[in-house]
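Below you will find the structure I want to go over with you.
Think of it as A, B and C in the order they're written, each chain with its own count starting at 1.
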Amino acid sequence: MDEPLNLVLFSGTDDKLQAAAVLTAGAAALGRPVHLFLQYWALDAFRADRIGRDHGLAPEAGPAGRKAVEVLAAAGQAPWAETLRQAKELGGVDVEACSLSMDLLRLEQTDLDPLVDGVEGVTAFYLSAGDGQIVFI
Amino acid sequence: MDEPLNLVLFSGTDDKLQAAAVLTAGAAALGRPVHLFLQYWALDAFRADRIGRDHGLAPEAGPAGRKAVEVLAAAGQAPWAETLRQAKELGGVDVEACSLSMDLLRLEQTDLDPLVDGVEGVTAFYLSAGDGQIVFI
Amino acid sequence: MDEPLNLVLFSGTDDKLQAAAVLTAGAAALGRPVHLFLQYWALDAFRADRIGRDHGLAPEAGPAGRKAVEVLAAAGQAPWAETLRQAKELGGVDVEACSLSMDLLRLEQTDLDPLVDGVEGVTAFYLSAGDGQIVFI
């Protein structure tokens, strides 16, 4: 498990981002390098002015799912951005924005939360992924 | 292909669960160990009192997709839970509920269908996944 | 990175198909074989009479996301089918339809765009995937 775990984040709803943050934190806690590649609506959720907002849930969550998420948040569950921040403090977590999605959303790196370390294209993504696993979320 | 195939099931719609069940059954038929990790809305679909219900389809299915799924079901296609049950009979299929999602949905293992073998945290998930592939569905 | 990259395409919205096409093109440009396995709504999007149509976006895109995608298309961004076509010209890209999804949608191979090379079952998918990574999109 020395190869990095490469998570391509596409979805920008809070439930999928929370799932991604937990997978990141768990891998980081085991000393495994994690490389996040932010695309589309996931990238949009990392905008500095929006990262703390409600980004909705997958449509299938329904009212009962929404309620469950709210109850857990009220009980003090860390939001996904906070879970990621803690994972980064453990070290070995690199967060990169996809350059094509930056163009799509007309963003500059200064528009993004400091959790994001840089911007890279898909070729750079593959080169740093090496033989490590790729997971699309 | 001796390493387990590790499927993280997040989505709880019947089309994605059917896709996951077919990938599981295919791998099991080839003698490859499969490890399912149930999160969020996928876990919700494994509740003993709901597993046989209609869990909807991805929004993009639309009315034509819904019709196609219903026609196939009427023609005798096994529901995903039945496909998984058959895959488990082949051996090598382990189904674990994510402990964080159990908390979110306020579930005990007795609330779940017997297809679920146990409950584990993300660290245990990674340790049993080893160098095997991780697929997020 | 000699093993093929195996992308299981399930979703049929234009944003996810574009993400898949970019991942395919990037891998092909690096000389890595790519194997696409088309299921459900992704397969539906490859119908010869529909591949050029608007297939919608993930629900979370919202009006702002829709607008961003339209602006980029108007500026000349290649649609995903064109990106895939270019990736296939680089060589090493094999596109297969899932036989179960062909049954679901009542399709024959002649109904599909020529981008699709053939039809295969899940066992054939695993055998050609070998030890290569599997990514579900």
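What we mean here is this: a contact is a pair of C-beta atoms (placed from the backbone, for glycine too) under 8 Å apart; a residue touches a chain by one contact, two chains touch by 3 or more.
Worth saying up front: this structure is predicted, and the values here are computed from it rather than measured.
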item: Chain B on chain C, rotation in degrees - Cα superposition, rounded to nearest 5; value: 120
item: Homomeric contact chain A-chain B: same or different residue positions, threshold half; value: different
item: Between chain B and chain A, distance of the C-alpha-averaged centres to the nearest whole Å; value: 23
item: Junction residues of chain B - those touching two or more other chains; value: 59, 133, 135-136
item: Contact footprint of chain A on chain C as seen in their complex; value: 1, 5, 15-16, 19, 22-23, 25-27, 29-30, 32, 58-61, 65, 68-69, 72, 133, 135-137
item: Contacting residues of chain B [partner chain A, same complex]; value: 8, 10-13, 39-41, 44, 55-56, 59, 100, 103-106, 121-123, 125-127, 130-131, 133-136
